[in-house]
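Here it is, the structure in full.
Order as written gives the chain letters A, B, C, D and E; numbering starts at 1 within each chain.
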């Protein structure tokens, strides 16, 4: 009866929580965004998402075999990477391109560093950036949501002959800078479109409502802390407000920056990737402000209409320095003698 | 004295070899300099000829043309006259530059004899992203072809959508590289008009006819 | 005001947009050599900044005021490398004499810097870009040094984290550093086209 | 009426494990198993180990001193039963491994008899001088009964260089399952209060604060009632949270003061005493009874008759479990102490010591939920461990540095400031045994220091 | 006599092979990384670069070997640098005269050969200690090893970045080029993976 007593370090009980539950929670949090993507982009969304997930998981599986490591698919992190990558892709992207992106994300972005937890850069964003850098045209070709049959002004793909980039809400912002019509662009109608998600854009980024529901779930489950999302959104908002104050003809309304493009997807699901974000609360604030600020810097002054992927990668790179900067001091102060 | 001797003892090899290397360099330079210079001229000619196929050779116009950039800096450029059979003027060519997406872009531009229509441009130097802005060089791409079709000289306008087949002052940008496209258009807008004006002033072309 | 603006932009451009390491592949060897010691990386970066600024200015003067004036361009490379070697020597002697503590902290890096291609590379690029004023040359060289310091410090930070990571054996060391550098270079492409 | 300290008395970090005190909180203290043989460990506490003062074969009486030493940081040990010294040999010690113990065997089984607690609420400590109290405490072999077992005399004795100012009586009992202190506070209230008065008088503290977690209203009620009339002892109802009972946390919660890292409470003039210790003080000073018995909570889902038992120190853990009806379900882990900080033992012949406040027996299912059964993944840097660390450390960094054998890096992240509370391991979703790595790291560092004396 | 000749031939062969693989400057010694990365967007510039390095390496090794007995210790490095800079300038002039297109593509990376560690390292490690013949063989071995590595790297990058190699299309028509491979990312990541592969094979052998 009292045989085979196991001995281990204390504590002997633990919270009913595992890496898998954390990752599954993120998938659940992403579910509304996935549903919105399916609603607006129909089959394309489902094809892209399943392609990315399958390719990511398969890549991780192969990497495990090559390294002769135990199978790590059970932690579901590859699934999350696949979904987030897919949600950040334009709907019309060819399937094989999505496969290249997923393979790059998992193999180069994650597994060469040692797999889950060791990667320095956000794998999904690394994969997306690789695609953006490699296949620029494909990655800036947007589709009209299936719900509006190309009736929408300016957003719809009017001219697909040359597969030209089409104006997404962010392109409006660039247009505002160029043509001095910031004040005109922002209207109630446009705002409504960007909130519900009935606009062109990447699969998962268009619907603010769906993202907000997901955020609520993650916060409720304490999967993420509120610091990073808040810092990203706040800093972007402040940046946008300042530019808007300075010149409301050249720059669009700050709210508009928040609801358009990938900013909220990034703030809620990407910048919050625990592996590549700082550990401490103070670090999270710095990180979030960096992501939001850099995104806006690139949006407003840079060459690209969207800055999310670059700002996330750059802040990922400085995360070790942030962690060092925010090194915690023990509760009792630094020991006088070591 | 002893110090000098010591110095020479220590470093005679250095002094001698500096001398020898100097000579070696001078000799090589002397031997290759003309070829190098000719290379540069050949390249310009080749590019210009690609734009003005009728030209047999190019001659530098003696007068220098002064350009004022939008920042207010002035610079001199040389304009070459393309001469066909029997010294007939078939067009003009010159190099202009401006800033692109990543770095400076140097363009060779050719216009017809009357300075009325573009004969096209070619890229002398650019550092744009391969696959994006790099396509301003791509002769098979619609962007480049728009300038080859005898576009009238004048203010060009860049648009992101439109029909690149139509010959008008609306230039359809390269998708994903609006900035590079814009740079080309801007460089042309900023310089070609000025050059035309000064050439007309100097009586090299007849104005307004 | 305009000049000042141009100088500030030139500086920022050299630090983040045209970063020598990320866009021009210069100074890769020290980049691969950095350990997880951020203080060492910072010292190295500072030493490079110091020398690169000095050499940028000196070579600019020699190039524009002597070589170009007398048609001696053919001797450009020889002169540049001698100037750099001389500058390093000078700095070393100067530091040893007047700032022994500073010499202690980054003196060890100084001899290594002579063969750091970032320095020669920058001098050559200044020439290639046709930088046309001494102050601009100085600002750009200083910016290049700071950009190098930033890059090397970021890398040192990442290396510290990688110490604890389960990197595959065959990729440990230089390979993973190269891959990281690649992803970093990709991230920094985001600033392209920012200053025109 | 005792003054009550107001405010939200808590600290930053910490966790809320399921309390599970319901299993034993209603069970009054009963007599524990009758024993025929006890093994008194000669090393029961931090500080110098005792030397046996009896020979093999010698007859000892109940309460007779069997081990002592001259070191300052030391407390003697006594025999709880009358019998014969069977041997002085090695026995399993929960913390120290195999160490020397005096084994005493009696002719017949002796049942522990709970003394009559005759003290009244209006006990007057002024009858005893400080020296007298200290001497009685030392002779009684009192050590801290809250965990580490530091000799109580050393703590209390006034230090002219650093006078004691405040005394905190630790009635938090924040570990899950354990209720021995709670029962003590309900049933031996007067004795505890008397002990506090004695300790306060002896230590020269101007303040004494009784701290109890807010999940024990009955204990708060009982203690407040007993403190009526002694208005120099304050009450502090602190927030229920693990490890509220850790002295560094408790001091922070109650006094808003921080004990320096690597330092001890006396450095800021504070003395922290466990309630069981204060009860023992009263017993030692007033009744001249040495510390030979203590209350032990035997709990866990697998125990047939869980409860609080008055047990002779030196009783074997197995005997106590047997006495409680043995285990009913498939049990997998026997823990000396609570599930958060206690030590799992493999040898049921491990004797109880003065600091063993509990034995917890966990079932397979419960362990299934604990670390080692579930698969450990890589750290996902979620930061939970940082968020809960009461000492504001970076547990993942320390643990991974230890794992990679980078002890210097670990120390640069303040390895030694960890108090091993286990919060970080408790919350880690990747199931990493952070506390375990940290403990290992501390041992490595200690070994290294020993090898390379400065 | 014959034996001696054989022994010498053995030394030569060893020296040659060392540079090609065993002590390959890029893979094994991690030297000259900057040009390796910068000029390998396509095979042609890589090959040109390699040839320049071979030229400079051979010339400087010969000169250094010839004057190895005359070198004063404290002026040694200065002499090396001077020699190398001279030959690099000559190589640059030749390129500009005869392959102007490549000269433009390579830009400042040709003069940067001056600080390429391989050359000074060989001058120091080999030429200043050995006779002319061994120095030449060493230079050729190292140079060819360097060039070969450059070309392999450049080949991979060019095929993926443009679908062509030596400007001849090799990929199926439906292949869309991966522009990233032509950029710094491609250079760093490909070289990193190649180094990893080399480490793997050498470990497997051992």
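For this structure, a couple of remarks:
Note that a contact is a pair of C-beta atoms (placed from the backbone, for glycine too) under 8 Å apart; a residue touches a chain by one contact, two chains touch by 3 or more.
Values in this document were obtained by computation on a predicted structure and should not be read as measured data.
Shared contacts of chain A and chain B, meaning chains that touch the two of them, come down to C, E. Shared contact partners of chain A and chain D are C. Ranked by distance of CA centroids from chain E, the top chain is D. Each chain gets a centre from the mean of its Cα atoms; the one farthest from the centre of chain B is D. Separation between the centroids of chain B and chain D, computed from CA atoms only, is 86 Å.
Chain B and chain E have CA centres that are 33 Å apart. Inter-chain spacing, taken between the CA centroids of chain D and chain E, is 70 Å. Separating the CA-averaged centres of chain C and chain E is a span of 23 Å.
In chain A, the residues touching two or more other chains are 108, 112, 114-115, 117-118, 130, 133-134, 136, 303.
For chain D, the set of residues touching two or more other chains reads 378, 397.
Shown for chain E are the residues in touch with two or more other chains, namely 78, 82, 86, 89, 93, 177, 179-180, 183, 185, 189, 192-193, 196. Contacts between chains form some other arrangement here, matching none of path, ring, star or all-to-all. Interchain contacts (touch definition given at top) occur between A-B, A-C, A-D, A-E, B-C, B-E, C-D, C-E.
On the side of chain A, the complex with chain D involves touching residues 1-2, 4-19, 21-22, 72, 74-75, 77, 114-118, 225, 274-281, 284, 327-338. Against chain C, the residues of chain B that register as touching in their complex are 21-22, 25-26, 28-29, 71, 99-102, 104, 129, 179. Residues 163-164, 166 of chain C touch chain D in their complex. Across the complex, chain A is touched by residues 101, 129, 131-132, 142, 160-161, 164, 172, 175-177, 179 of chain B.
Residue ranges of chain D in contact with chain C, taken from their complex: 378, 397, 400-401, 403-404, 406, 409.
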